[in-house]
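For reference, the structures are reproduced in the following blocks.
Look at the two complexes coming up: chain A is in both, with chain B in one and chain C in the other.
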Partner chain A sequence: MSLLRHFRKLSVEHTRRTLAGSASSNTRQYDKDPQPLFTDAETQRLLQNMTQLQLDKVFRKRTVSDNSTETKFMTTAQLEKEFLQTIVKANKLLQMPPVVKVKEDAQDALITKDAALKDFADTKYVFTDITFGLRNSERKVVVRDVDGSLSYASLDTRKRMNQLYFPLDGRRSYTPRMFSKPELLQRCLEEHKYEFVLDRLTVQYEPYELEFHQISARVFEHLMESKQFDLLRSTRHFGPMAFFYAWHRCIDDLLYDMIRQDYLHNAVELIALSYKIHQIPVDYKQTLGQLDALQPTPGQRALAELRNCLKKPQEQHIQDDIQAAIGKTEQDFAADEISLKFIEEYIGGEHALKKVQLELAVQTLKELNLEKLQLYQGLKKAHGVQASSS
Partner chain B sequence: MLPLARAFYSSVARISRNNRVALHTASTLRCKEATVVDNEAPAENSEESGSDASPPDGKDRTKVIPVETSMRYLKSAAYRTTYGEEFVWTQYRRNHKGMYAPRKTRKTCVRQGKISTGNPCPICRDEYLVLDYRNTDLLKQFISPYSGQVLSYSKTGLCQKSHLRLKVAVEQARDCGLLTYDVPFREYDYSEYYGKQEEPIQLKS
Partner chain C sequence: MSLSPASGIGRFYKHSAKIIRFVRLGCANRPFYHIVVMERRKNQHQPVIEQVGSYDPMPNESNERLVALNTERIRFWLGKGAHMSEPAAELLGISGLLPVHPRTYMTAWRNRRAAAEAEAAETETSKVDTA
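Coming up: the complex of A and B.
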């Protein structure tokens, strides 16, 4: 058994090196520290809006050992309170993994060199401060080497020690074969298990590790080819993905998908994000401001959806019925017009790469929207709803 | 007269023995499977026609069935006629005396390369069901859709040896990413990554 484990360790080490060697050459990496741009309040807001909030997806039934549900009787006021808490909880579940640069081992790790302790023992000693309440990043870990020198532990050792004394749920002490063997990872990607791979990645690696960057970049690049963006929508990984595309100037596939799915608001946000990252002198703030005034945030939208199920059928106004049938409100039509103008400007500009495809998508959407608008107005007229009643 | 009668008796006994093997075991399937499973079925046929004296022993488990064969078997028509749309363990019932079954299932169904019991467990009774981490179609049948855990042997009736093999295979398959599961949620403390001077980002509802 121990022999087997030894072999596995050897092979892991080997593959890790090959993976690191091969992946760095062909996957896209952040060339400078992306953290300040990512943590910027405006970027965060854009990314959160793009992620959307589909409660069904966030609170899907998980196959974990304790997935019991509680049934309660509540008054409407209590229910209202519970709705608000639900949105907060959902936002917590959508917390994005940090995007930071790769951290290197410290150069001046050596503390002292005690020649007197040379050959005291024939193995290294690792000392870990396991004081309660310390953060994993603050914990002191030092190594006494065989030649008597005392130095700070490398990041790898630190991680192993932290995992040893304060295990993180779901993290393995060895590299899962899924990550160490490129062909297994490739197989996962081909089966479109993107969310699973990324979830596991967040648990297994720290965001500042090289493997984290390489594997996530590989997943995002594969996603760009397969165009299954819907699998990540309304998960915590959508924000970093959009940020990755915007950073590496390859937003066109995602943009195309957004236009096809009629998420024009998100498309505008994506373009704005790309402008912001590359400091392209286009005024996007005005358009964004207009859109924000017209359309609710994902949180508000989800809340409205929750409140909707409280309504009794007889309370339903005919206007709501029409809106539900069409799927759009008057404000949505107004917002679409503004966003379409902004998107067309982007497509006309020099930054779009797949112009023909995007133009076609926009054209199709425009026709569809026009039909919807006509239908909406016709229905309103037929039911005798005044424009002012909304 | 007597040798003639004896020969007749022995042939009848052989036929009845062949028929007595329960309908759902693999040995009856073997002839059906000849069209699907190609690599060993022809060999068996030739063997049977060559030496008529030794009929294939349905209880013999010394032959190693490769996983690829098992994976093909799970997709074959022979499998569907045997189990239908149900799991391999749903139709299995344990034999026990009294009202209550013993808490644990038997230690093993196979001893010295042979089925040593009249009611082998769902995995051991069908020799084409091979527990391996690549055989995900089979492993999925033993995982609870609610908790994501491996189902207990008290529910599936697997013998202890098969159950252990099943647990190992499931763990390996998860390690390789062949079986997906719900990864525990990891909450990030942003200040650990972004430095302490910045306040954590407020999530707006």
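Coming up: the complex of A and C.
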């Protein structure tokens, strides 16, 4: 049995080393503590805006035990109230896992050393304080070693003990094979199960652990190659992903995707975030302020959509019909113009890497926008709608 | 043998002697102990007043013995004047909650002496072999 134990230990250490070795050699790491920049209110707002609020994606069916729905009769006022609560709930579900630096074991872990206790037993003892009401982070775990020294347990042991005495739902006491074997993780990534990997990563590891950083970096880098950013949009992992790209100066792929999908507002925010992180002296606040004044927040937009659905056909104004057909309002066109100017400045500057690709995307979008604008104005003219009404 | 809840269902007199001690659970050849507070005169398998920890004397796969202690409740009962059985007192001493028990020092010293004697015997035999 001891032989078996020895082998198991060896294999665990081996996988740990291979994973750490393979990851540290080619994945990007945060070179200094990213936490102050990440938790900054402005950064959070930018990241939340970029994440977007797609309610049917947030509340999609999941593989959980209870997927039941409830049907109710409500008045319009009740429905709107309920809807506002739903938006609050959705924002809660979209809360981002924090990006913090890797935590090291404490240097002054030793409490006392009693030389007279040397060889009091043949193994060490781990003591866990299970006092009621303590949080996992403030629970004391101490180790009495064979040489008689009493010290605070390492982070690894602490996590093991916490999971043993106060198990978290979904977290395994052993490393899931998906994370211990690089080839299995690779297979998940090739099948584009990014959200699944990141969700499980968030459950299995704490944000300050080295593995969390390495595996999430690997996922984000794979995403950058496969360019399936839409899979993470409107999930809680989009913000950390954007932050990762902005920090490591590789936002161009995500930016290209945003321009292609006509999320110009988000593109501006991404560029602004990158300027903010690298302290590039460009005034982005003014542009952002203008855009915010022109466009509603995601919550307001969702509410407006709901109100549109509730309207009876005879109440529909012809202008709403036109807007619905084109998909843009006059404010949107104005906002697009401001955003495009800002984006073109970025592409023209020294920080953009894939200039040609980005320029082409901007050009295509501009032509499309022009067509839409002409159509919009033509339709309005044909229906005799006043231009100043909006 | 059914388990009673950690908050305990044992009935006790207000002024009777209480003790913090082990209760041997587990099964044949696989000991596992609960650290409990109960009336001193009672048998270990009778209902306890409160469970305040657990102790697994068999080393786990990373070669460590695991002990869980509800230090808040242990301190409460010690303050109430509860006694301690010797193994429990040794364990609390090792954990750093109480001063180290004298018997732990004795065990340590005897272990060191035994190791030294074994080593001496080893060198003796190797000398004889080489001679």
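The rule we apply is simple: the second predicted complex is superposed on the first by the 378 of 390 C-alpha atoms of A that agree within 3 Å, B and C clash if a C-alpha of one lies under 4 Å from a C-alpha of the other, contacts with A are read in each partner's own complex, and residues count from 1 in each chain.
Convention: contacts are C-beta pairs under 8 Å (C-beta built on N, C-alpha and C of every residue); 3 or more make two chains touch, one makes a residue touch a chain.
A quick note: this is a predicted structure, and the numbers were derived from the prediction, not measured.
J.: Looking at A:Arg177, would you say it contacts chain B, chain C, both, or neither? Reply first, second, both or neither.
T.: First partner only, chain B.
J.: In the overlay, answer first, second, both or neither for which of chain B and chain C A:Phe127 touches.
T.: Touch partner of A:Phe127: chain C, not chain B.
J.: So in the superposed three-chain picture, is A:Ala382 touching just chain B, just chain C, both, or none of them (first/second/both/neither)?
T.: In the superposed model, A:Ala382 contacts neither chain B nor chain C.
J.: First (chain B), second (chain C), both or neither: which does A:Ala77 touch?
T.: neither
J.: Touch test for A:Lys118: chain B only (first), chain C only (second), both, or neither?
T.: second
J.: Who does A:Ala293 touch here: chain B (first), chain C (second), both, or neither?
T.: In the superposition, A:Ala293 contacts neither chain B nor chain C.
J.: Could you tell me which stretches of chain A are touched by chain B in one complex and by chain C in the other?
T.: In the superposed arrangement, which is not itself an observed complex, chain A uses no residue for both chain B and chain C.
J.: Could you list, by residue number, the parts of chain C that touch chain A in their complex?
T.: 53, 59, 61-73, 94-96, 100, 104-105, 107-109, 111-112, 115
J.: Provide the residue numbers of chain A that touch chain C in the complex, in ascending order.
T.: My answer: residues 5, 8-9, 111-112, 114, 116-121, 123-132, 140, 142-144, 148, 150, 157, 161, 164-165.
J.: Report the residues of chain B in contact with chain A in the complex, numbered from low to high.
T.: 144-149, 175-178, 180-190, 192-194, 198, 201, 203-205
J.: Show me the residue ranges of chain A that touch chain B in the complex, using the header's touch definition.
T.: 35, 39, 41, 44-45, 48, 62-65, 67, 84, 87-88, 91-93, 95, 97-98, 100, 135-137, 168-170, 172, 176-178, 181, 184-185, 187-188, 193, 196-197, 199-200, 202-203, 207-208, 297, 299-300, 303
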